[in-house]
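Structures given as structure tokens follow.
The two complexes that follow have chain A in common; it is paired with chain B in the first and with chain C in the second.
On to the complex of A and B.
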């Protein structure tokens, strides 16, 4: 495969994703012509690109789709569920066609789908002809949008227009959205002593080429009709903007605070047309239409271009950038260390500056590798749509905070677990329409995906308004499975935690409980692999909410560097609550590992003993209190060295079992410090307490 | 004689206690002098810890302990071999501590003998074959399985 083909593949994948997204929005808003245009445009690009880069099947297939949507665009085929179903299936098929190897199975699908699509375009075309003619009678303007017309608009607001808060400039702005414009600005200022600062002395002349009907121009001025003199006159039955020379000529005549009369413009146009013998081509209706569509394409690509504010960069380059930034952070740390050691005054300032810049560079570089959750949402919408069809349920997916950004590797890792949660909600959470009505709930079930930031974490909540999970049932099941004793007393949270135990999740549990539990242990494990956590809350007949708590980024953290004997460790700053001083005596002689700090009691770990570090702890130690969920726990260390930016590096598979550490970092002096995973330390502690 | 006899491979030889071992040179990425190793608390004994290899965090395994031999103080001859191993369908780098590194030898494939399991003072499950060399025997190690992640897990 050559480079161009690879480029096309990337582009085509994007296009197909856009297509899918647009189709789903079309389903919600079937009459939105801008969505239909978008769909048509995407299909067109796919067809063109496919043909050019040797994906003939793709090109041919898209051609049939395009034909149907061309009819939709012309209101000759109605958007309905059946059409959307076929098109969405086609989207999947398009993805298959992009794969290098076209198998006989794909070819067969290709034929079947093509048949269905062709049939669709023919059938619907006929069915709708009668309605169509009716429509045409009702709305003769319907076909006009195809072609451009150039108008001369005079907009002369009265002096008092601004008294009621109208901003004439906004109207001009609105006009410019209708098409291409030339604007002529005129002002008639009175002598200074007569000047009333609140009054308007300006007027405008706008030459507008648009494919929108005349009414939409008048609509722009609908609220100022009484406060302004407005004249809209047609000057040319096409867009003048396809003739740059003509546009230049007209704009030359504009300005000088003078109104250019409509008749004069018409004259200019007529001269130009005559000189260039354009009239012939204009007579041919088809060509006019074609010109119009070219202009329209230019117009849309023009507006597109001005909107595009992002560029495509290969992820390799980003990874490389991240690696370099990581190196820089490490090197900067050694510089600080060197400066501190040698106490070089001149260098201190520079070093601190570099530290600040490095920190900013680090933060910026990180935002580059963040992508919004939106990328996933389309897939989820599709999943919800398909599955709810399959189960015969009526479910809508509502998202909030889709713009929340996450590291791209994180996005990849949460896709599967999220799909799983959605599947659970659809299959088991949401009741059938009958059940829902019987319970007095709205017939349509709702699934919410809500994402938001909280500190250095992103929370993603997946909730439904389904039947909820009965804790008694979980308890019963867990007892049967031998996971718990029948007589234990468990809090609600502890009961829900049972769902995440590997032994609980067997397929037979499920359907009769409420379904959760299938593979919930897998979900939990996957989320924990990326240093996240899962939390479940449920109310019977109200619904179930699962909250995923994920770190925003994986590779650099702010940490607290602490000493234990000759070794150094890092505690992530995000979990640190407070640091207290404590004597070695208090720590050694504490009862039941509880220490009183600042009048409050905290359970604590003496890390020096726990990690079997060398040497003796000093007389005055420090206790770092870290929090996790609602729990707080003290970690006794020899002493706290200070704050540090840590580039998190994996410890490697060999240390998979050493759960206390989420990674390691290289310090300025080249030594390695291990990074504590405090949530693991705490949960280990909790387990120990339970055993005791 | 069989055809294969013409084919020769290069092996790096090294010493553990008083036995010479060999590994295919393609597996050896780097030979480091002994440097301080950062201990990982609560890890199995043969997992000595991690070192900083040009900005990368590299796990280090003590070959003596791995082979079931007595561990000894490190000397000035002690080296860390950085090996590239296949583990879980992945290629990963692992450091392994050996008593001393000897030389690279060319070995004709035809002379390699099947491994012997009798009478050895160390675990023989990692020996792939025996190379007769200058009236001595060199044990050819299966580095992939010796340093693999699974083996480290089973070990404890």
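On to the complex of A and C.
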């Protein structure tokens, strides 16, 4: 979350408090126009700020409130108890909308409240409007909630289900992603002498509330249709999870290794519905309008759920959590090592459990600190809007994959570089309207931001449909600046790489926006600092695309642990292409540091010599081939120990100058292993080759 | 740690489409061109999932599935097979041979990954 957003959050919290106070004063003094003005003003600020800082739902919701209070201001709607009730409920709801994660429960509340509020502005304004015309006025996509249905699902796998590699737990997990669930686990173990360890004796009952069609439930079980008894029955035409008491009641009846029959659940639901006078078809606008008291009841249970469904935590606490998890991963590794070494059978099971839990904890902790790119998009949109006005250009920003999530520290690190890339596109990339029309392009220029996952990386592409970059022009400029000799032959890619050299600015006119001394070299450096890379592709008059390749998270990497003498090093697994065996003889007697592996030639480094490691390399060594861009290079090591999950720690300030290592990690046995930055090793090698 | 998937298919284009999708999703991929070829990979390696075509020269998919299930260390490793909508009888034959599930050709990457999600994590 950026600073602007944090500011807005603080501000909005204050505004909502003010709103609440004013509403309470209004209740005592319903005709006081200055209070009404104050309420209107607060709503207006919330709406405006919400839209600008990425709280679209909040903004949209406040818009409806504002409409009603505008009518109040104009004396077209009277202040009465009902109006104040719904507005105060809305105040609570606004607080929920400010939380970073808007849950389905909040969204459902949003839709219902919105309908109620819209009803005010319509009904009180045009007394005769029928309910039906409300329906037409509602935006079908935004205002009618997807209808939730609660199902009772019985999943009773046959004894042999696991014989063909099926893991029923994965299916349960998949099911839980469809909505909210209650799970009842049952097992029917035979007598010990009949127990077949490969057989399954478990079955499950799942109460699922989902807004997905019934087919998607059946789809979960598609592979096991013939290997299990599966029954899916509807128990309630809405979500039972909006009624905590009901959920508790049902939970109480689950367990004891007993199946709770669908009819029994239906009975429980019916009893609850009867006792609480809840209409079953809560989705119907008509019923909502007819029975306001029911809605209120429902709302209160809704907001109860919303309160606990999401909490806001300061980022310090998350950092602390991540640190502790990192420590735990290391400690757990040393526990596993100890147990293995001493062959402690009693501890093996415990150690493995801790390993599993640690892994799950780590994954969960990671997802906590991931933030969708969406948080930046509003800022980018604003930038594009303001700058294109400034330059008199017509540019629209199109985003794709804004829901892609990145570590929060990464989001902070890419904001500036991304802004710079956008400025470049707007200033240099997109032509003026005249130029574009002359070239036969549409008058409106387009900038795309596209984000997607690729392995353990996130790619963010910033592209424009502008004039592109002329390689000849770059070459000419680089020659003028003395960066290259005029007669060197460079590939297109090498020419574009010149753009990333320090002090290379090609703008013909140094403008307000670009000529700020922040060049592409800074972008590249910033991105490389977070172990990412930048790639540029350009076609003249078609456009330019910059691709940022970023690791999803910074603090833990999957690595390959290798041995050199008595030292151990880690090579990030993401760059490892293949591992070959080679004899010490081949490595020592290679010509020009080229080794032939599996019929292909690779340049290579003998790390044992390069790092001046102690001891002798063994007779049989291994060569780890790593890839970077299009290049592959071999790294000869004594031997490969295996894969390891390394918690990356930054190197101390004394080592800041060195470039070959991106960090260090503490191994389970307490030893320190340095993490190789292979891209640096490769570019160093390339430079060496060029000098030779 | 990335999971290793063995892909077996005699069609190069299918192999490429599948391996491209899986590698992008972060899996390590091994490639076999037919049943015989695939068996070489299964010796002493840690494979988390096998995806195989059914129609292949030398050793076909059904035979491969049976062969894999006969190996002690691969009794419970999930096996998915590639099939077309029209081969309902083949589907049963493959399941009887020990397959875990199937992927219907033609498929889009998301379908492939959704099927994977049902059998490994």
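Methods note: the second predicted complex is superposed on the first by the 367 of 692 C-alpha atoms of A that agree within 3 Å, B and C clash if a C-alpha of one lies under 4 Å from a C-alpha of the other, contacts with A are read in each partner's own complex, and residues count from 1 in each chain.
Keep this in mind: a residue touches a chain if its C-beta (ideal position, glycine included) is under 8 Å from a C-beta of that chain, and two chains touch if they have at least 3 such contacts.
Being a predicted model, the structure only gives us computed values, none of them experimental.
Student: For A:651, decide between first (touching chain B), second (touching chain C), both and neither.
Tutor: first
Student: Once chain A of both complexes is superposed, is A:364 in touch with chain B (first), chain C (second), both, or neither?
Tutor: Touch status of A:364: no partner.
Student: Based on the superposed arrangement, let me know which partner A:567 touches: chain B (first), chain C (second), both, or neither?
Tutor: The first partner, chain B, only.
Student: Does chain B (first) or chain C (second) touch A:174, or do both, or does neither?
Tutor: second
Student: Name the chain, either chain B or chain C, that contacts more residues of chain A.
Tutor: Of the two chains, more chain A residues are contacted by B.
Student: Contact-wise, after the overlay, does A:31 reach chain B, chain C, both or neither (first, second, both, neither)?
Tutor: In the superposition, A:31 touches no partner, neither chain B nor chain C.
Student: Show me the chain A residues, by the header's touch rule, that chain B contacts in one structure and chain C contacts in the other.
Tutor: Touching chain B in the first complex and chain C in the second, no residue of chain A appears in both lists.
Student: Mind pulling up the chain B residues that touch chain A in the complex?
Tutor: Residues of chain B touching chain A: 36, 38-43, 47, 50-52, 55-59, 61, 87-88, 90, 92, 94, 149, 152-153.
Student: Would you pull the chain C residues touching chain A in the complex into a rising list?
Tutor: Touch list, chain C to chain A: 1-2, 23-26, 69, 75-79, 95, 98-102, 117-121.
Student: Using the touch rule from the top, collect the residues of chain A that touch chain C in their complex.
Tutor: These residues of chain A touch chain C: 162-167, 170-171, 173-174, 198, 220, 222-223, 226, 454-456, 558, 573, 643, 645.
Student: Touching chain B in the complex: which residues of chain A?
Tutor: 326-327, 330, 567, 610-613, 649-658, 660-661, 663-664, 666, 670-674
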